[in-house]
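In the two assemblies presented below, subunit A is common to both, partnered first by subunit B and then by subunit C.
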Partner chain A sequence: MKPVSQKAWFLVAPVLLLVAFTAIIPLMTVVNYSVQYVATNAQFHWVGDLWYREVLHSEKFWNALWRNLVFSGIILAIQIPLGVLIALNMPRKGWGVPTCLVLMSLPLLIPWYVVGMIWQMFGRVDIGLMGVMLRDFGYNYEGDPLDAWFTLIIMDVWHWTSLVALLAYAGLVSIPNAYYQAARIDGASGWQVFLHVQLPRMARVLTIAVLLRFMDSFMIFTEPFAVIAGGDPVFLSTELSQTVELGQRAAMSIIYFLIILLLSWVFYTVMTRDDGEPIQTGGKSGSAS
Partner chain B sequence: MARIDLQNIRHAYAPDPKSDADYALKRVDQAFDDGGAYALLGPSGCGKTSLLNIISGLVAPTAGRVLFNGEDVTARPTEKRNIAQVFQFPVVYDSMTVRENLAFPLRNRRKKPDDIARRVNEVLDLVSLTALADRRARGLTADEKQKISLGRGLVRSDVNAILFDEPLTVVDPQVKWELRASLRDVHRRTRTTMVYVTHDQTEALTFADKVVVMYDGEIVQVGSPADLFDRPQHTFVGHFIGSPGMNIMPASVDGAAVRLGEHSVPLASAPRLDALQKLQLGVRPEFVRLSATGIPATIVRMEDAGRYRVAHLDMLGMPVAAMLREGEAAPAAPHISFDPAGVHLYADSWRVDLGGAAQ
Partner chain C sequence: MKQGRFAFVVPALYILFLMTPIYWLVAMSFKTNLEITTRFTLFPETFNLDNYVKVFTDERWRAVFSNSLIYVGLNTVISIAVALPAAYAFSRYRFFGDKHLFFWLLTNRMAPAAVFTLPFFQLYSAFGLFDTHIAVALAHCLFNVPLAVWILEGFMSGVPREIDETAYVDGHSFPSFFVKIFMPLIASGIGVAAFFCFMFSWVEYLIADSLARSAVLPITTRLQALSQASGTDWGVLAAAGSLTLIPGAIVIWFVRNYIAKGFALGRV
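So, the complex of A and B:
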């Protein structure tokens, strides 16, 4: 029998405390609001699952959720292949490497709201050439929902594809040269090298890329807020910001949170299902001399 | 199957090499006969992997030509040389099963499905992976993955040559013996040209008919294991091969004898030497005798190697190792003499041909 020391709990305490303040307590506060009705005299009344039923029966909620799913789907379908394609074509040595890395990181450094501002200015008819050109093509993101969709997707692709590219690049450069040499000796074509060497070896970083991009795109708020300011399309986040009742807002937040949690779990489970080792351990094969 | 000729191969990894020191391979001229089993033996960094990669075309030599069956293939890319190569660390296609891994090189060359299936089953058996054939390669151990790599090297029966780059480094000692025996067996049956890079002399001597010893970017000797033992052409070979290695002692020559201090050791004949050459006497511990007469020495320590014992002595301030047979006792006041059959003279590290007994 190993001696058991209960003092170990003290070592966990700081983390528990931190997580409690950053996650558990705020979340529970929201849960608390979501089951109460706040009257004008700041009195709380227990209402049970009323707000939840209301949210789940609201057509606006389901429309917004559907839009969120479509948006995230389009974002992933564009950004993951595009990011991988960019990573495959980035230089592996020489001065091109730092240049590329810096250029690719630049969009990531720009705050969401500023991205919205930039694109809003780009598209303005009275300032820029682009705006005039777009108007001549009949483009109007403030009036036409389809054009608004298009704008949001372009913005997000511009803003975040380099994150996917950088992650994929990190995965690519970690592949030992021997894998490429062996593939040449085995007579593999370029496509087969991608399919059987590069893609499986990038799978772990791509899992992370998919999760990050899914979560971020699903929580999209600033861009539609900056560009469309409450017009169509309405996403879960913008819908949330326009909900007046505190309890309903809380209930919606909880549902929103659970959806993201569930979908992230599904992504992670599906993408790592035939992966022998957990994601943290990394590759254990040594590099070839 | 092919005869491979390397003609005046030089290779430098940095561009614009100036002196010999810039070259990883200084000058290599070597023929590998069709159907031979060769070992490239040498310490880490001696250029043996570079040489192997030049044969397979993964590295293009700075100068020189590579010929397969007399045909110049220097400019031909790896995939067109019809070569199999096994690397030091396991290289497997993670997303495929073991069977698919072995079939991959055959499928890429558009062999008939029936032939592929038959051949893959043979090789699975050869590297004893039949039980794991339909498992994903991803979850296997390093041992098992390296067996897959070996199997992929052996699966094509029509290759010009199979090249092994220290293939058993990550494999357990027990499995190592089995696999080496399998490789020998494959070679005996197929007579495919095989080149096996290693820094382990046991591995080289047991695998190969001919051992190519490399040192500092050059081939210093090519020969059978017996040649390397009996007539090491370079002090490096004497030192590197054998356990313990050859005793190398600074010496001077006086006619047909080597002078060690005030003592002299007779040579088979009087060598012709340049005055400025650095001379060394080389004697393997197997040819050092301890007796009552000869050059006096003191025993520093004894080492028990199982079937024999090694006496480490101090002779005229130089360390000398002597091998004692089972049951042979070291004399109380040991004197050293050398068996004439095992006495070699080296001038600037290269063996001087003396004719006579040792030849």
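So, the complex of A and C:
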């Protein structure tokens, strides 16, 4: 057990001060705005929960929230199985390992706006490879909202599936060889090995992958902004930055933040559940190779 | 474990899918605007470096690149400096409110940037920091400090506590132990945390855009302004876009074995 020491507070004090400045003060400002009405002469008037009621009765808010959930659901349904499939087939030794890791990580390090820009160019029917190919197959890409959805989903799959694959791969390489030998002696088929050996050992990293992907897709803003320049589909972040009325925007921020807080709590519970037990970590065994 | 003989096909196809749009961007950067808009060519007809020459000779492009690199560098240094002692405290001691604090840090990593753009603008304006590198660097601490604390805590917990105790018995003070003995032990962890701070600050757009106007304009804001204007210079845009891939591609090599651990916030 770790010793109890209140002096540890001195060590966390710098973080506390910094995050207080970058997070608490701004958040309190938002709370303050969310209960006031700012008149044209910069006079503040207390309005209580008016803005909250307005947001919760606003169809645009619910539509944006609904779209966000559908988007997150679709990309999770594609990225998680695809990421696991890629991880299962990635090489385990030799020059293929660093090649795969580096090339797959590349999309993760591209500025988000540039990701959107790349796909905007790629999908254009006049100059983009994908747009021109689709046009030549007789499909007029561009135009209706469904095409925008399609672009966003394929872009997100392109951008983030590697994250799932990398995490699943780290889980896979941490499985001791003895497990596979035992499974072979038992005469287990490939599918049974996956179901009873590999999947349970990947459970923790996959949970992390699901939660990270869910939360990050839940606040997506930059990439759709770059691809479709403010048109449909409108997500929560887009809706938020397009709201002009200060109080309404603040109230929406608080509601948005509370949803995230709830999700973070789930995340935290999952992440720290197994803490304290020694775990064979993927990062360490990966570094040994 | 046994993999099928054709297992390599899956990652190979996936990497092909990843590289195609990137290839298109890079190929465009070598084409002339005439070729881009009038002829559809899979390969650039001639390797034309004019677009890159335009980017490198234009004072404004040079400025936005260095602006981005400056605030990203500042942010990385600040984040690691404050996260190191905090991560040590979390990994070695229990104290009043430690679990709540750790959770609260995480919520900041998860907070949507759109929520913070408005108050950030007002906060940094009030301190006279609006449109400075330090403002963007501090604002990015919102998500990078929690990330660094989580990653470093994961690495530090892998170092046995006996090492600390032996060092104290040998007469080391806390600062001398921390700098001379402990930090070399978690050097790879510091490298990974620094990489992730660099990365998330480099890819972020919304906050950087809202806190910088003229003096510290980030690269992505300039790309945005130009790509949504009429009469776009596609070639130059593609060249500048291609250049933004380079910092990530360089640093990724150093942390290739740890990248999964970093994304899992230090606990794969």
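Keep this in mind: the second predicted complex is superposed on the first by the 240 of 289 C-alpha atoms of A that agree within 3 Å, B and C clash if a C-alpha of one lies under 4 Å from a C-alpha of the other, contacts with A are read in each partner's own complex, and residues count from 1 in each chain.
Criterion: a residue touches a chain if its C-beta (ideal position, glycine included) is under 8 Å from a C-beta of that chain, and two chains touch if they have at least 3 such contacts.
On a predicted model such as this, the values are computed, not experimentally measured, just so you know.
Enquirer: For the overlaid complexes, name the partner, subunit B or subunit C, with more touching residues on subunit A.
Expert: C
Enquirer: May I ask you to decide whether A:Pro176 touches subunit B, subunit C, both, or neither, giving the answer as first, second, both or neither?
Expert: After superposing on A, A:Pro176 lies in contact with subunit B but is clear of subunit C.
Enquirer: For A:Phe44, is the partner it touches subunit B (first), subunit C (second), both, or none of the two (neither)?
Expert: In the superposition, A:Phe44 contacts neither subunit B nor subunit C.
Enquirer: Determine, under the contact definition given at the top, whether A:Leu101 touches first (subunit B), second (subunit C), both, or neither.
Expert: Touch partner of A:Leu101: subunit C, not subunit B.
Enquirer: Touch check for A:His196: first (subunit B), second (subunit C), both, or neither?
Expert: A:His196: touches subunit B, not subunit C.
Enquirer: Does subunit B (first) or subunit C (second) touch A:Ile185, or do both, or does neither?
Expert: Once the two structures are laid over each other on A, A:Ile185 reaches subunit B alone.
Enquirer: Check whether A:Val114 is in contact with subunit B, with subunit C, with both or with neither, and answer first, second, both or neither.
Expert: After superposing on A, A:Val114 lies in contact with subunit C but is clear of subunit B.
Enquirer: Using the superposition on A, tell me which residues of subunit A are in contact with subunit B and, in the other complex, with subunit C.
Expert: 275, 286-287, 289
Enquirer: Give the list of subunit A residues in touch with subunit B in this complex.
Expert: 176, 178-179, 181-182, 184-189, 192, 196-197, 199-201, 274-276, 285-289
Enquirer: Would you tell me which residues of subunit A are touching subunit C in their complex?
Expert: On the subunit A side, the touching residues are 1-9, 11-12, 14-16, 18-19, 21-23, 25-27, 29-30, 82, 85-86, 88-92, 96, 98, 100-114, 117-122, 126-130, 132, 158, 161-163, 165-167, 169-171, 174-175, 177, 180, 190, 193, 198, 205, 208, 212, 215, 218-219, 221-222, 226, 229, 236-237, 240-241, 246, 249-250, 253, 256-257, 260-261, 263-265, 267-268, 271, 275, 279, 281-284, 286-287, 289.
Enquirer: Which residues of subunit C touch subunit A in their complex?
Expert: Going through subunit C, the ones touching subunit A are 1-4, 7-11, 14-15, 17-22, 24-25, 28, 36-37, 40, 42, 78, 81-83, 85-86, 88-90, 92-96, 98, 101-103, 105-108, 110-120, 122-123, 138-139, 141-142, 145-146, 149, 158, 188, 199, 202-206, 219-220, 223-224, 227-228, 234, 237-238, 241, 244-245, 247-249, 251-253, 256-261, 263-265, 267-268.
Enquirer: Please output the residues of subunit B touching subunit A within their complex, sorted ascending.
Expert: Listed in rising order, the residues are 49, 53, 56, 58, 77-79, 83-85, 87-91, 93-96, 104-105, 108-109, 136, 138-139, 142, 145, 149, 152.
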